[in-house]
Amino acid sequence: METYLKKKVEIIIEAPLMRRIIEHLEARQVSGYSVFPVLAGRGHEGSWRADGLVGDTGRMVAVMCIVDATELDLLLEEIFPLVQQQIGIVTVSDVQVIRRDHF
Amino acid sequence: METYLKKKVEIIIEAPLMRRIIEHLEARQVSGYSVFPVLAGRGHEGSWRADGLVGDTGRMVAVMCIVDATELDLLLEEIFPLVQQQIGIVTVSDVQVIRRDHF
Amino acid sequence: METYLKKKVEIIIEAPLMRRIIEHLEARQVSGYSVFPVLAGRGHEGSWRADGLVGDTGRMVAVMCIVDATELDLLLEEIFPLVQQQIGIVTVSDVQVIRRDHF
Amino acid sequence: MLQNFIEPALHNLTSPAILFFGLGLVASLLRSDLAIPEATAKLLAVYLLLSIGFRGGTELAHHGIDGRMLAALGAGAALSFATPFAAFAVLRATTTLRPVDAAAVAAHYGSISIVTFIAASNALDRQSITYEGFMVGVAAAMETLAIVAALLIAQRNGAGSSRPTAALWREVILNGSVVVLIGALFIGIVSGERGAALLRPFTNELFPGFLCLFLLDMGLLVGRGLEQGRQHLALPAGLFALGMPLLGAAAGGLLAMPIGLSPGGTALLMTLAASASYIAVPAALRLALPDANPSIGLTLSLGVTFPFNLVVGIPLYTAVAAWIAG
Amino acid sequence: MLQNFIEPALHNLTSPAILFFGLGLVASLLRSDLAIPEATAKLLAVYLLLSIGFRGGTELAHHGIDGRMLAALGAGAALSFATPFAAFAVLRATTTLRPVDAAAVAAHYGSISIVTFIAASNALDRQSITYEGFMVGVAAAMETLAIVAALLIAQRNGAGSSRPTAALWREVILNGSVVVLIGALFIGIVSGERGAALLRPFTNELFPGFLCLFLLDMGLLVGRGLEQGRQHLALPAGLFALGMPLLGAAAGGLLAMPIGLSPGGTALLMTLAASASYIAVPAALRLALPDANPSIGLTLSLGVTFPFNLVVGIPLYTAVAAWIAG
Amino acid sequence: MLQNFIEPALHNLTSPAILFFGLGLVASLLRSDLAIPEATAKLLAVYLLLSIGFRGGTELAHHGIDGRMLAALGAGAALSFATPFAAFAVLRATTTLRPVDAAAVAAHYGSISIVTFIAASNALDRQSITYEGFMVGVAAAMETLAIVAALLIAQRNGAGSSRPTAALWREVILNGSVVVLIGALFIGIVSGERGAALLRPFTNELFPGFLCLFLLDMGLLVGRGLEQGRQHLALPAGLFALGMPLLGAAAGGLLAMPIGLSPGGTALLMTLAASASYIAVPAALRLALPDANPSIGLTLSLGVTFPFNLVVGIPLYTAVAAWIAG
C-alpha cells in the first residue's frame, strides 16, 4: 500500500500550557493534532508524577501533530517561543501515512 | 547491543472501533499490540475531548503494533477497509527492537 | 530551525517494574524520561486490559527516554537484564530535537 | 392544567440538579477549564444506572408483576421501533440531510436518554408522585430497538453499507449501560426488602447528590457540543430537535392511557418517548452506519433535545400526565 | 449443622453484593463492553480498605486489647508462613507445575484476599454476628509473610533467581493496600467514639453499596481472567484451587479454637486462611520471582478460589465456626 | 487563652481527617507505592468544593445578606491584594530569591488554600462553632486577586515578561475550582431549604469521610513535594513559610474585628489570610510568570504552610478568634 512521508512533531509540555498550544495549532489550521496523557517524568526541572494531583500544575501532557515536511519549519518557529520559557521538550521524527490527502 | 529493524504501525481510531481492530489483530496472529489512551484531538471531523464523556463515542484511542517489514503491507491492506470509512489516521515508522525473536 | 539527532528508547514493561526502571534511569543521570499509560495490549504472555484493575499486576506502562546516540548502547545494556526476564518490549528510533543542550 | 405546569416548571428550575446542569453549561460556554475526568463521569453513570435499576427492581418486587407491565413493555418497544420511521419521514421532508444521516438521527430519537429518565424520576420523587417500578424495564427495552429500525431505514434507502452482523447485535444488546440497568433491576427484584434496606443510603439517599454532579458534567458536555456542532443547528434541524420530543411525548401519552399507567408512570413513558439517545446509539451507529456524520445526531439530541426535556419537557409531561391519567 | 449452612448459603446467594458479582461475571463472559475504569476501581479499593480498617480500629478501641489479639496475630502469621509449604507440597505431588510456578502459586494461597475478608465481614454484619475488631489486623499480618515463605521455597528448589533485596522487602511491606489498612486501623483506635460517629455515614452506611460496585468490578475481572487463563484450569490445578481453601479453613478453625475467638472471629480466621491473594502477592512476585508465569496463580486464586469462597466458602465457614466456637 | 488552644489543638490532632493526612505523609516519606489516581483526586476536589459552596449558600439563604457580608468581601479582597506586597518585601529582605521568584511566592501567600478553609470549617463544625455562610464567598474572592498584585510587583521589578492578556485573565478568573465554588454557592442560595434537605446526606453527612480521603491524598502530595523541593527549604525561606501565615492571620484578625464577624467567621478569615495557594495560583503563574521557578512557591506553600496551618494554625486561629471576637 502506498504511503507518504510526513513529519511527526511531539511536544511534551506543562499541562497549564496545553490549551495555548492547542489554540495555536487550531489558529494555524494544521490538519489535526492529538493529545496524550503522561503519568510521570523527569527533566531539567526535576521529577513529577500525575497521581494525586488536583490541578493542572506539576503535570505534563504530550501533544502530537503530523504535518507536511514543508510546514515543519514554520510550525517549529511558531511554537518555539511558546515552549522556550516553559518546562517541556519538542521532538520531530519521520512517519509514513496512508492517506496523503488527509494531512 | 544488536538491534533489528521493524515497522511500527500506529492507528488512531474512534473508540467504538477499538474492539474490532483488536479482534482483527488477534485473528491475524500478529505478535502483539498495545492500546494507548488519547485525551483530546482534532482532525477533519472536528475536535474532541475525552473528559466528561460517559460512553465510547466522541473519543479516540491509539493502537500501536510492531510488525516485521514483510508483514506490513498485508496488515495495512487488511486494516484499511476498517478505518477507511471511520474517523482516524494510520501512520508507519521505523523502529529497532532488541529481541528479534519476540516479534 | 536547527534540529539535532537523538535516540528515542521506548520500554513497555509490567507496571510493578516501573519504579525499578525509573530508579535505574535516575541513577544513571539520563537527562530525563516520561512515563505513558497503556490501556490494553497483547504479547507473548497473553492479552491484558487495565480497566477494572485494582493493583499493579496485569498492566503495562510505557517508559520513554530520549538519549544521545553515544549513550544508547550503555543504556540498553544496563536495561536489558531488568527487562529480560520480565514481560515487556524495548524499541529504539531516531528523533530530532530542537534544544540540543537540553538532552 | 397550565397552572399545573407552571408551578412545577419553576420548581424544577430551582432544583439543585437542574441548577448544576446550568452551571456546567455556563462554565462550558464561558470556556472555563472545569472538567470532570472521564473515569469519574463513568463512575457516576454506573452509579446512577445501578441505583435506578435496583430501586425499580425493589419496587417491582414489592408491588408484583401484572399485565400492565407487559403492556408497557410492548408499548415501549413499539414506540422505539416506530419513532425512527416517523422521525426519518419528518427529517427527509423538512431538512436537506442525506438519507444515511437522517436515518442516524432518527435512531437517536427512537431510542431513549436514560439520564432524562433519571431526571424525570428524580423530579417525580421530589413531588412525591409514585410510578410503576417496571418503568425502568421499559426504559431498557426502548434503548436498542430503534437501532434496528434505523438500519432497516438506511438499507431501504440504499444508505446502509452492509447487513448488520451478529457481532454488531451483540455489541448493541450487551452495551454496558443496558447490562447494568437490567442487571440491577433483576438484583433489586431478587434481593427484596432486606437488600433494599441495606443499600438505601447508597442507592436512595445519595442519589440527588450524585445526580447533581452528573448533571454538572452533562452541562459541560452540552456546552461543548453546542459549540462544536453549531453548524448543525440551522433552522429545520433545530426545530426538529424541539418538535420531535413533543411528538414523541404525545405518542407516549396516547399509549399510556389504555394501559392504565399511573400519572407518574404516564409521565415517565412520555419522557422516554420524548427523549433521544446520546450515549448508546451514537456508539452503535459508528459501527453500524459509519458513513453517517456522527455530530449531527449528537448535536441535536444532546445539545437541544436533552436540555429542552430537562428544563421544559419533564414538568410539561408531568402536568399532562396528571391530567390524562389523574 | 447442614441446616445452619444451607439457609445462610441461600441467603448469601441473594445478597446484593453477591448478585452484583454474578452480574459482572455474566457480563464479562457474554463479552459485554461494561467496564469500570481503573481509577474508579482503585478508589473503591481504597474506600473499602479505609472503611474496614477504621471500623476495626474503633471496635478495638471500644473493646480493648487482650491476649487473644496477640494469639490471633500469631496464629495468622503462622498460617501465612506455613500454608505455602503445604500448598507447594500438594502442587508438586499432584500437578506438573515447575518448582518456580508451584512456589508462586503457593505464595498466593498463604497470603489472603482482603476482598474476601470484607465480603465475609459484610455477611456477618448482615446476620448480626459480631467479631473481634483486631481481625483486621490479623488480615494485615497475613498479607505478606507468605511471600517470604515462597521465596524460601523457590530458593531451596533452585528456582529463585537471587536473594531478595532490601528494596524488595520495602516494596512488599509498604504495599499501598497494607498501608491503608493498617493506617486506618490505627486511626480508628486513636480517633475513638467521636471520630467513629463522624465517619459512620461514610464508613458504615455506604459500605454495602460501594461493596456492590466493587464486586461488580471483581465479577468482570474474574470473567476476563477465566477466559484468558483457561489453559491453567485443567484438572489437578483446578481441584487444588477448590481443595486448598477447605484445607486452609480447617487449619484456621483449628487454630481459632484454643485462642477462644468468637464464632464471628473464627469464621473470619477460617476465611482468611481459605482465601488467596490476587492483588498484593502477584505484584510482589513479579519483582521477586520474575521467572514464574504470573497467570497460573492469578487464574487459580482469582478465577476459582475467590468465587468459590464468596459463594460457598463464606457461609460454610460461618456455619462451621458457629458449631465449633458457638 | 493558651488553654483554649491546647485542648482543641490536641483534639484536632486526633481528628480522623488530620490523622489521614499524617498517614499519607508518612506513607509518602517511607516511599510506599500508595497512590490516589488523578481522576479520583479531582473527583474528591470537585465534591468538596461543591459541598462547601452549596452549604455556604444555604446558610446564606437562611440568615440573609447584611452589610457585614460586603465588608467581609472587601476585607478579603484587600488582604488578597495587599499580602503579596508584604510577602514580597519580606522575601526580598530576608532571602536571596530573584525578584520574579519572590513575586511568584508572594502570589501564593496572597491567595488562599481552599482545602485549608475546608479543614478549618470542618474543625469548627466538630466543635459546634457556627460561622457566617458568606465566608465561602470571601474565600472565592481571595483566590485570584493576589495574582494581579504579583504581576504588578513582577513588572515593577522588571521581572514580568509581558503585559497580562485578556486570555490570561479569563483563564485565571474562570478557573474550574472558582467556578464550582461560586456556582455551588449560588445554587445553595437559590435552591433553599428543600434543596438543602435533599442534598444533606451527600453534602453534609459524607463530608467528613470524603475529607479524610482527600487529606490522605494531600499527605501523599506533601510528602512527595517535600522530597522533591527540599533544596528550597533552607532557613530564611523555610522560616518565611512558617512566619507568613502568622502575619496573615494577624492581619485577618485585625480586619475581622471592626466588621463584627462571629468567632467562627473570624477564625475562618484568619485561616484564609494565613493560608497559601498551591493549586490555582501555581497553574496561573505558569502562564503569567513562566520565568519563575514553580517549585519554590509550591514547596513552601504545600510543603510547609499547609501542614503548619492544618496542625497548628487552625486551632491557634480558632482560639485567638474566640478571644478577640468572643
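Note that the chains are named A, B, C, D, E and F in the order they appear, and that numbering of residues resets to 1 at the start of each chain.
Rule of thumb we're sticking to: a residue touches a chain if its C-beta (ideal position, glycine included) is under 8 Å from a C-beta of that chain, and two chains touch if they have at least 3 such contacts.
On a predicted model such as this, the values are computed, not experimentally measured, just so you know.
In terms of the stated touch criterion, the partners common to subunit A and subunit B are C, listed by label. The greatest centre-to-centre gap from subunit E, using C-alpha centroids, is found for A.
The distance from the centre of subunit C to the centre of subunit F, each centre being the mean of the chain's C-alpha atoms, comes to 38 Å.
Between subunit B and subunit F the centroid-to-centroid distance comes to 45 Å (mean Cα coordinates, whole Å). Centroids of subunit B and subunit D (each the mean of its C-alpha atoms) stand 34 Å apart. Those residues of subunit D in touch with two or more other chains are numbered 33, 35-40, 42-43, 171, 201, 206.
In subunit B, 19, 36-37, 47, 56, 93-94 are the positions where the chain touches two or more neighbouring chains simultaneously.
Here, these are the chain pairs in contact: A-B, A-C, A-F, B-C, B-D, C-E, D-E, D-F, E-F. Taken together, the subunit C residues at the contact with subunit A in this complex read 1, 3, 6, 8, 22, 25-26, 31-37, 61, 66, 93-99, 102-103.
Against subunit A, in their complex, subunit F makes its touches with residues 35-38, 41-42, 44-45, 161, 167, 171, 177, 217, 220-221, 224, 228, 279-280, 282-284, 286-287, 290-291, 293-295, 298.
Listed in rising order, the residues of subunit D touching subunit F in the complex are 14-16, 19-20, 23, 26-27, 30-40, 43, 126, 201, 205-206, 208-210, 212-213, 216. Within the complex, the subunit A residues that touch subunit C are 10, 12, 36-44, 47, 60, 62, 73, 76-77, 80, 89-94. Listing the residues of subunit E that touch subunit F in their complex gives 37-40, 42-43, 46-47, 50, 54, 170-171, 174-176, 179-180, 183-184, 186-187, 190-192, 194-195, 198-199, 201-203, 206.
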